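What follows is a set of notes on a single structure, which appears directly below.
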Amino acid sequence: MVTEINSITPLLAVLVSMIAAVLILASGKYPNLREGWTFVAAFIKFGLVISMLPLILKGDVITYTVVEMLPDIPIAFKVDAFGILFAITSSFLWIFVTSYSIGYMRSLNEHAQTRYFFCFAIALSSAVGIAFSANLVTLFLFYELLTISTYPLVAHNETPEAISSGRKYLTYLMIAGVSLLFAIVVVYHYTGTTEFSFSGIAGMDAIPQTTLVILFVTFMIGCAKAAFMPLHAWLPAAMVAPTPVSALLHAVAVVKAGVFTALRVILYVFGVDLMQDSGIWLYMAYFVSITIILASIYALMQDNLKKRLAYSTVSQLSYIVLGAVLITPHGLTGGMLHIPYHAFMKITLFMCAGALIVTAQKENISEMKGIARQMPITMIAFTVGALGMIGMPPVGGYVTKWFLLLGAAELHSMILIAVLLVSAVLNAAYFFPVIYVAFFKKPDHELKYKEAPLTMLIPLVVTAIISIVIGIWPDAPGMFLDIVEIAVANVTGGGI
Amino acid sequence: MIGFDLIAPHLPVLTVVVPLIAGFLTPIIGWIDRRLPWYWVVLAMFVVLLIAGNNLVTVINSGTIQYKLGGWDPPFGIEYVIDLLNGFVCLIIAFIAFMVSIYSKESVKKEVPGKTTPFYAVFLLLITGLMGMTITGDIFNFYVFLEISSLTAYALIAMGDRGDGVVASFNYLIMGTVAASFILLGIGYLYAVTGTLNMADMQNILPGVYESKVVLAALAFFMVGFSIKVGLFPLHSWLPDAYTHAPSTASALIAGLMTKVGAYAMIRFMFGVFTPDFVINTTQMTNILAWAAALAIIVGSVLAIAQSDIKRMLAYSSISQIGYILLGVGLANMIGMEGGLLHLLNHALMKCALFLVAGAIFYKTGIRNLYQFKGLGKKMPVTTTVFLIAALSMIGVPGTVGFTSKWYLALGSVDAGQWIFVFVILLSSLLNIVYFWRIFDNIWFGHPHEIENIKRDEAPLTMLVPMVILAVLCVFFGFFAYYPVHYVIEPLSEALLGLGGVLSR
Amino acid sequence: MIWILDITLLFFLVVCAIAAISIKDLLSSIIILSAYSLIMAIVWVEMHSVDVGFTEAAVGAGITTVLFIATLARTEGRSED
Amino acid sequence: MSGIQESVIIRTVVRIMVPFIQLFALYVIMHGASGPGGGFQGGVIFGAAIILYAMIFGISEGKKKISDSFDRILASTGLTIYAATGLACIIFGGMFLQYSAVPLLPDTALVSKYLIDLVEIGIGITVLAVMISLFFDISPPESEAGEVEE
Amino acid sequence: MSGILDIVYAEYNYWIYVTLMMIGFYAMIAKKNLIKKVIGANIFQTAIFLFYISLSDVTGGTAPILMGGHGGEHAADVIYTNPVPHVLILTAIVVAVSTTAVALALIIRIYNEYGSLDEDVIRAARRELQPEFSEHARQKSVAEVSEQ
Amino acid sequence: MKALALFVVVITGAMLIYAGQDLPAFGDINSPSYQAPMTQYFINNSLEESGVPNIVTALLANYRGYDTLGETAVIFTAGMAVILLLRRRET
């Protein structure tokens, strides 16, 4: 039996970065103080999130109703294993990205840094809010807040290009928001509630089949933050943003919020049984398979490193959703586990790309010949991340791929197994050239770069190390696999 | 509290009489000292706010208040009836008026130089008119106060942009006269068949004469008349000019209140004079209204995109937002009605805040072209933040008031099986994003070199305070919408639709 | 009431109304409007509403006309339609 | 109008007429209770008398009789009388404008008759003041007054 | 009298007020001259008043002033017309004249600004004066007023 | 414009005529408005209650005195509005 424990901690975890945002705004004139607030908030936030972990590992959930916004529609938090998985990932990585951001922004002497840190803090609040939401309306609240607070980050440069990318970003995500709202309204109309439940919202099975399919499609459009293939265009466009933004938001917070929402909808609104009974899972599996393959091919064609990473993200995100729609315990484990794993690996990659921009002013792969000699640490970290992406032990990526393969195998679906293998090959095809160019090509002329500043270097080294650790010892007690197992047990009725 | 006990039973009438007396004493006050009228107005509005608040609390706690003017029993005398509906609307009026009155100090001094005293007299009389329209239970008394509010609105609008303001005011006057005359004619028709002027009495008598063509014609004339008054889409032609060219104070007041009271009157006449069954089923009036409102939502939003003058843009946005309110009413189901009524409050808060911001920006910079707003984010951070919050609320971002009413309206449309209205609502919020976001871009994302050397230069405190309060409320009621909904709007919707509960007596 | 008188007066009302809105000279138009008001006042008195008739005579035919003429004095007297 | 203004006959007639019109106006106000007429009609007639005077002798002459600020205060006063009557009823424990609550005389009908008269006077004052003010504001400034007849 | 006349007699006021209303309404919408619009509004409103007064009249009735003055007994056989519409219309007439006064004041202001009473001319003048929107004119006006 | 105006006017006229069919006959003593309790009450009681023989005045200043207060306020408003519109500056 799952015990519900009432505690204000989830609210505090969300609010801490909001308060920090206000303080950042107030101390905009003193950069050290301003960034000090960010650090303090990041640590407190992580501490708060972690403090809830023991209870979750015991199999309990933590609930807190903030306010009843409308009759029957509370703003409420519910921390379960799946939620805390995402919350830990994003709040933990915030610490590193803060450090990295300081180095990056100061090195490039960027303008409007106060706005940058302010929006960053709000975005983090939103991400954790999404993770802890107890119902669709609360989730929608933070989902929209995340969109709005990241717009200034995407359009940070204020150049016409940045603004138009920002517009594109906004257009996609706002249409998604509207679509999500519509779906939520329909769910509420049929079931009278929007609260997530481990076995799906009761009453969903009463919805006629056609409506159900339309509803599912609307939800998935609503999850455009997850960058499914026809709705992915915002992600490469958003790469115009400063690299830390790409790193955190477009490898962790925003896109993961999208997949997180997709998974919440699939597992906690529709529920495993309904997905299976209605047969939606199979179509969705094929659909995301297309994204996995196509996005990898797109990635192959990019020369800009950040764009290549962006398409790689598009492809990897679909792994997560694929895992969820496989419905089997192994598939679910693989999908959920890929959320933190992909986050660690991808953020390493992005931070490396950012370091290259700061020190070498190089964005295109073809210009990076021999750069590893000047920046060995960065490029080694990059290699670690890339290996993880491809799925080579000992870096973390192989664990999730293994689970996904197991899931596909359980279903005896040769197509899906093939998809996973082909995509692994494609991943290798677009990452190895980068490594090859950086390590083995001779530079056109002599290079005189040094490594990036320490504030940037340390985070990327740490995340690279963690990527390896979670690959070597995935089943360490209290680590991600533990959490994921509880989450999977919850939704598959295993209950603890 | 002996004094209060004496006054307490008379609070309903004082809601109207206080601004009225304050209004016609203003010339004397201004004659004593030209700076006094502002303090006088703020004081009067504060008193009215307290009274209106007290009225609503009394209604919630102990039911409908009746006040027999002159001590005559209805239907022989005029009767004031405060139920949840008009208690609620009165409080909105009182609150917005109080906010705008604080705001008006500097703005009026600058935009209506040398005429502050009559301006404030007319200001107070406008509030009198709106209050009187809202609170009365007598159909002809309603007309009288309608005319007070209309005349004052004409005068206030004409004080704006030199030539444009006057022309806008004149066009409004012609349209308004047509509307008022239609309403007067409708009143005459109803009187001809019922022989009474008391709304509640009329509602009792009318069902017996529903087969009369006169009643149908009366309903039609009322609907057309009020549609002009609220600026419902095909009859909106007066609205954009009037809102654009009025002085900032008047724009905020009129945009925030006039159309709300018009919408209130429409609701009152449909459900408080005629019976719900008649307007919903027999004549399908609500259905027609819903479709017209849906059209207004789309057309208003689309036209708003095409504007470059911020006030004109807000005016078109008002046309669309009025559509929200009437769509909710027109859906004629519980949830839709709740959405419509909630939007009365929400739109008053948001639109008033936006117009106040537009006024503050104009006051400081003289700019109304939203393409010239570059760098304002640095120059006037508080003002622009208020703008951001109110605009996000208009878009319907959750956590702001705009979301709550949008939620109800969408849900109500689904409940009514009218999926197309859901799309209308959602499409309109996308269109809202389009026309508000380009302003955000201009305010905060101007080219860096252009905004380097801008100094902070905020609007005066008397302007900032009401704007900030409104913005805070936009967020507050976004999270705490439970209270208005639970205490006022839910019982009210039930009563209006005849599903139980009592509207008046 | 005398219905022949009634009908005659009402007929004149319509004639005056049409004339008032179609005559191009505004002053004449206003004078006709004044006559219209006066006839209206008579009609009302004839319908036993003396108070209203009295008021209309004083206001419609009196003050309104004065205000109209004063306005004309500050603007122009001709109309294109 | 210049022609009319210079005519001695008209000037004299108006000078004599105006007081009589004003007297008639007062009669109309007071007589409103028992016959046709009342504060509004009387006020209009009273106002008309002054307007007539102003038309013939010029607006500045008219304003000498009733200045702008006096006029404005007059307008306020009339309404104040009315509203104060209403408030007085509240003070004496009645409803707003419930004349019978005022313990002026034992006969409530008579009380209400007198208060009706008082109220009518209030209306009359406001109406006359506003009518004059309307005319003064709308009519052309002195220098162009001659154009009226053209 | 014949039956047709009876019908005409019974309803003629209504037909007249409908006609007057249409005339007034037409003038309000279609006439270009602003004063004509106001004249139309006056006709429109008085037509409605006529409707009310027609409503109040009673065949064989007399004005609602009680016979015998104050304190006198009024004869039981006297029929009085309905006083209620009279009261309403007294109020409405006042409203009408107020509206007219405001309208005329607006007309004077418009004439001072644009030198014309013709709607089309005014529209053209406005367009010429403010090609895009009224900012320019407004700033000018505020500047001028503050100079005074 | 003229055609549109004519169209609107004709529609309105049609509505008026439509309604006119069911209006009580002119001068009909049995019309609902005349037979209504309100009218009869005023005719019968106004003298005793208000002390004035003119029923219209009694109604105007007593029963519906509040309307008249409003009416006076309308007049006052018009005066203020015209002052606001036409007077150059405060006196």
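Every chain is named by a letter (A, B, C, D, E and F) in the order it is written, and numbering of its residues begins at 1.
One rule holds in what follows: contacts are C-beta pairs under 8 Å (C-beta built on N, C-alpha and C of every residue); 3 or more make two chains touch, one makes a residue touch a chain.
Nothing here was measured: the structure is a model prediction, and the numbers come from that model.
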When every step has to jump to a touching chain, what is the lowest number of steps that links chain E to chain F?
1
Top of the farthest list for chain B, CA-centroid basis, is A
Looking at D-E and B-E, which pair shares more C-beta contacts?
B-E
Round to the nearest whole Å and give the separation of the Cα centres of chain B and chain D.
36
Rounded to a whole Å, what is the gap between the Cα centroids of chain A and chain B?
44
Go ahead and note the Å separation of the Cα centroids belonging to chain C and chain E.
11
Give, as an integer number of Å, the spacing between the C-alpha centres of chain F and chain A.
69
Send over the residues of chain D in touch with two or more other chains.
33-36, 38, 40, 69, 72, 75-76, 79, 83, 86, 96-97, 99-100, 113, 134, 137-138
Multi-chain contact residues (two or more partners), chain B
20, 24, 27, 69-70, 114, 140, 144, 147, 151, 154-155, 158, 166, 191-192, 197
Across the complex, what residues on chain C touch chain E?
1, 3, 6-7, 10, 13-14, 17-18, 20-21, 26, 29-30, 33, 36-37, 40, 43-44, 47-52, 55-56, 59-60, 63-64, 67-68, 70-72, 74-76, 79-81
Can you list the chain D residues touching chain E in their complex?
33-36, 40, 113, 134, 137-138
Within their complex, chain B touches chain E through residues 110-111, 113-114, 140, 143-144, 147, 150-151, 154-155, 158, 160-164, 166-167, 169-170, 173-174, 177-178, 180-181, 184-185, 188, 191-192, 197, 244-245, 308-309, 312, 366-369
Which chain E residues qualify as touching chain D in the complex?
63, 65, 69-70, 90, 94, 101, 104-105, 108
Which chain F residues qualify as touching chain B in the complex?
15-16, 18-19, 21-24, 31-39, 41-42, 62-67, 69-71, 73-74, 76-78, 80-81, 83-85, 87-90
